[in-house]
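Below are two complexes that have chain A in common, paired first with chain B and then with chain C.
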Partner chain A sequence: MKLLSSFKKELILASRGFYFYVELIFALVILAVLLFAIPQNFSSTSTEYLYFNLPQEGREIFTNNILKNDLDGESEIVEIEAGGKTFDAKLIVTDEEEIYIVDSEEAVRMLAETHRNIGAVIELNNNNQLHYKYYLQGYESTRLKNLISILQNESMDVLEERFNNQDVRPLSTGYEPLSDRENTIPPLIVFSGSLMGMFIMASYIFLDKKEGVIEAYAVTASSVWQYLMSKIFVVLLTSVVSGIIIIMPIMGFRINYGLLLLLLLTTGFFASSLGLLIASFYKNLTNAFGVIYLLLIIMMVPSIAYFIPGWDPFWIKIIPSYPLLQGFKEIILPNGDIAYPLIVSAGFLAVGIILFAITNIRFKKTLSV
Partner chain B sequence: MIEVEGLYYSYSNDDNFAVKDVSFKVAEGEIFGFLGPSGAGKSTTQGILTGLLQLQKGNVSVAGYDIKNISRKMFNKIGMSFEQSNVYSKLTAKENLSFYSKLFDVKTRDPMKLINLVGLGGKENIKAGEFSKGMKHRLTFARSMINNPNMWFLDEPTTGLDPAIAADIKDIIKEHNNKGVTVFLTTHNMYIADELCGRVAFIVDGEIKLIDSPKNLKLQYGEKMVDVEYVQDGNVKKETFSTIMQKDKDLLRQIIADKEILTMHTKEATLEEIFIKVTGRGLL
Partner chain C sequence: MMLKKIWIIFIRDIRVNTREFMTLYMMIIPLILAVGINFLSPGINDTSVNFALVENENLKQAAYFDDFAHVELFSDKQRVEDRVMARDDVVGILPKDNGYYIMTQGNEPESVLEYAKLLNVLYESDVQLEDASSEIIEFGRTVPPLKKMLVNMLLLLISMLAGMLIAMNIVEEKMDNTVSAINVTPTSRSAFILGKSLTGMVIALVSSIACLLITGFYNVNLGQAALVVFSSTILSLMIGFIQGINSDDVMEAAGSVKLMFLPMAGSIAGYEFVTGNWKIFFYWSPFYWAYRANDMILSKSGTWPQLIFFIGIILVICGAVYALLAPRIIKGLQ
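Presenting the complex of A and B:
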């Protein structure tokens, strides 16, 4: 009854405050970004500029070979600007590339320089052998440069044979990848649904500290833990609502919402307890801001690793937001592992309970007069 | 109702004590004044008695509960009015009191009746954040009565209030005390202490210097004086005479017999003057 009264009071306070709406508005902003700024799948089309400094016949052979991959089988005559000059070009668009075939090496060089794309000149050397000259941007990896060298030095027939003899066996055949838009959800939901909870919880406590109402609560027959838990309930509610705002319009009913709710609640509980613990050490938000900011930065590092599949060092896996991210990802994956979010939820619940117990002791000890 | 024995408290957990070897008892139904200047240890002592600060050394019992193992049930019996108003600024006066009324296991008072009692009638639906300092203070005071406490801690209950409202607050305190409520009054205002308290303790630098009733203190330390204005050789003269010293008594008798008296007032030593005399310190 006392807990319920405190929860009702916290809801009224939150609805008349600022932070409650910050989280919800933030969720709406994220949703808008996901729907309108992030495409369903990022385009991986690259652009290249080519000049065939070859006799007419050779030029046609190369052009026709490329044209075979054109989406509509026809090239388009376009004008393209670079360095204040306009160049005529033949545009061939394939699944992966936009290829501009121009009429001079100068055009290739200027276009590559201006538009920061790769350019190439194919010509005959003194021995009537094909000679390739590349205009790179300088930031290309050694791997790419080596690949280009191999391509030009090895016979295409040999390479093709080797490619065909490669034995590729997928480890998981039932794996359905997420679209780029869906793949962006986990880091955003971790930040909006869980990490914001930590910041907002600390803010709620500092508001109460400023008004001195914690002391007033401490001289009632209600326990401090009920006061703290009522605040956690409000943060959990906003975390769940903001999480649903972000996920439902994009994922529809394709995911297990029970599992999502469980993960949102347990991770929200962990984040709020962490926010409470931080707040127990400081008098106001200004004093605590450094620690909160540092924690937020640390918690965001796994999000960077999330978008760089090749970068996944062990120490990142220790940061709590790492399993959190993977947990949300497993939930939205069409064939996601159900056990993983359950284990993550249990872990966050256990750590949350420990943090809450420590916080309760801290608050009992640090109530000042 | 309150028993304190050998109480020590240090904020830095060393020998730098904010309260040292404090011992006193408050009987049921008494109004006990805890008087001293700012930083004397009044609020620290009250903080320990109300469980806001953890007991470090000494024995303390309040309303029959040992503070070493504080029980939440104790708070059903006690009320606490803070010096600094601490109400939810985003809640209305009525919402504030209604919320706190649900945090006790005993029958609580009607928030509206309390609001009217402290002169905030008609303002019950206004958010406390829009209240003046005095109004917030009255709301804080009203909240301390919500659970019908029989042990009432009041920290500077009339600070920042205009004289009329302060008089009303004093009347409320007296009225509750007449019904048997024990009051622990912390203040540096000697006038309110003099008016309300059955006994007072003077605390300076964390130590209690004396405990007695204001009446006994005045008898013991006060010096009764008489201010007289009279006409002498066409001029108005003003003099103060002791009613204890024989020389002054003789002079006063002679003036009354020979001169035209314009005004004559008896003057009693104030509690503040006694405090200064006893402790050698002012109250601010």
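Presenting the complex of A and C:
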């Protein structure tokens, strides 16, 4: 009962403050960015510069082969600049690439160097066989360079035929990938809602420390844990409201909101308890700022792995925001795994309770001094 | 006389901040992040497809794939399957009657699957690295684009941190009522503003140059970099100062910090991911121009006139914001 009354008081106070509305405005801005600035799917085309140092017939064969994949079946004559020079080029645009066919090796070299893209020259060697010369930047990985260096060892037609006949056996089917816009939601929710709770919670406590509210609790009938918990409830409420503001207009009713609510609450509770614990060690926000800031940055690292398939080192997985990101992703995925968000929620709740208990003991000690 | 007062405020600020560990944080955090970038970027740059194979099943095949992909070996097929089913993207290559098949979880990106298929085809076709017929010419660049992007973000973050330092300084000054006290001292308000700004500015400059050196960008034009840091810090300081003046407590200042991140993150995303004419929508943001100028410096691809043009835009935007908000700053100091 006392907890409820404290929560109501905190809520009234928060509604009069600036922070509560900043959270809501922030959520609306993120929603606007997702809806209007982030496309449904990013176009990820790469650029290449090619020069066919071959007899006319050879040039035509190569050009026509590439042209087959052009979006409108026709090349476009363009001018492209590099190193203060302008080069004429034939531009072929496919689903995945923009290919500029130029008239000299110098053009390939200068374009590749200036625009930092890959360039290639195809010519005949002394034995009248095709010879490929690639222009790379130098920072490409050895594994990628290895692949490029052997790619032309076998005839493309042979490789293509074998490629199409590869036996691929997926362990599960019916997987529907998220659009790029949907895929951006989990990191935004994690950092805007769950993790910022840590920063905001610490700020709350420092404000009250400054005003002597915590000491005042020593002479009231209410206990410190109720006071701390009422603060957490306010942060959780804003986190849930802002999370739903961001997710609902994009995902509609396609996702399990019960699971979403559970994960938002448990992860918010964990982050708030962590913020409380940090606050218990410092006198003011300025002193605690470095620790909170560093933690927030560390928590952001798994979002790099989130966006780069294939880069997922072990140590990334032990940073708490990793399961957090994966949990939110699983919730918005069509046919997502229900068990994973449940396990993650249970884990964060358990750790949150432990952190909260430690914080409570620390704050009690502070009062007894 | 005025300069002396500014200097006194600056020195006092340094002393107060050192005592509070804030300056130390502001100096140390970017350096830790710079070391972190050095630690992260080689691994990310070496990203390839990840293969799971059965140990000792085909040693030659495992060695072959290792030249092109990351290979993990497992004792039996079940363990390979367990690894493929894990949350990250790992593809299994397993034996069948007449060759090998590719085991996937079913949710891998198309690019991962295509890479895996291509490598398996090359292996089956006995295309060996020793027989490589293509010639590779490199331009000798060693810094991968992702590292450049992370360092650029770090440079903007440093100027943001400087802004935050000023905001929090002012809030604390307000709470201690020293801001009002300035009005009855011979120190003018502008001297107070400049003195308060110097701390953040010096820290931003020193940290930025240290980070460039740590991350291996010692051959970029440090003078150009310092100029961009200086101009973007002016903006951060102004925002920080305005926040500091308008916030009555740390809670409000903390909330404002969150709002500050949005234009910065948006500008970076706009520069890196938005194509063509859509970039125009980010021209209003000085962070966009600062990021673009930094990118030019880090790539060693720009000229002084270009740089001065970018810095000019940043300063013009800052000037416009100042003209708009000057009355609030003056009011806040009263």
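As a convention for this text, the second predicted complex is superposed on the first by the 345 of 369 C-alpha atoms of A that agree within 3 Å, B and C clash if a C-alpha of one lies under 4 Å from a C-alpha of the other, contacts with A are read in each partner's own complex, and residues count from 1 in each chain.
We adopt the following convention: a residue touches a chain if its C-beta (ideal position, glycine included) is under 8 Å from a C-beta of that chain, and two chains touch if they have at least 3 such contacts.
Quick caveat: nothing in here was measured; it's all calculated off a predicted structure.
After superposition on chain A, the partners chain B and chain C are accommodated together without colliding. Judged by the touch definition given at the top, the superposed model places A:K365 against chain B, while chain C stays out of reach. In the superposition on chain A, A:I148 makes contact with chain C only, while chain B stays out of contact range. Superposing both complexes on chain A places the Cα centres of chain B and chain C at an angle of 70° as seen from the Cα centre of chain A, in steps of 10.
With both complexes superposed, C is the one of chain B and chain C in contact with more chain A residues.
In the superposition on chain A, contact of A:T220 is made with chain B only, not with chain C.
In the superposed pair of complexes, A:N64 makes contact with neither chain B nor chain C. Using the contact criterion defined above for the overlaid structures, shared-chain residue A:S5 touches chain B, although it does not reach chain C. With both structures placed on the common chain, the touch criterion links A:V33 to chain C but leaves chain B unconnected.
Between chain B and chain C, the minimal CA-CA distance in the chain A superposition rounds to 10 Å. When the two complexes are laid over each other on chain A, chain A has residues 17 in contact with both chain B and chain C. Those residues of chain A lying in contact with chain C across their complex are 17-19, 22-23, 25-26, 29, 33, 37, 42-43, 109, 112-114, 116, 131-139, 141-154, 158-159, 162-163, 166-175, 177, 196, 199-200, 203-204, 206-207, 210, 284-287, 289-290, 293-294, 297, 301, 304-305, 308-313, 326.
Every residue of chain B that touches chain A in the complex is listed here, in rising order: 43-44, 46-47, 50-54, 72-73, 75-76, 78, 80, 82, 84-91, 95, 99-100, 102-106, 140, 143, 147.
By the touch rule above, chain A contacts chain B in their complex via residues 1-2, 5-6, 9, 12-13, 16-17, 211-213, 215-223, 364-365, 367-369. Note for the complex: chain C touches chain A at residues 20-22, 24-25, 28-29, 32-33, 36, 40, 43-50, 67-70, 81, 84-85, 87-89, 96, 99-109, 111-113, 117-122, 124-125, 127-129, 131-145, 161, 164, 168, 172, 175, 247, 249-252, 254-256, 258-259, 262, 266, 269-270, 273-275, 281, 299, 301.
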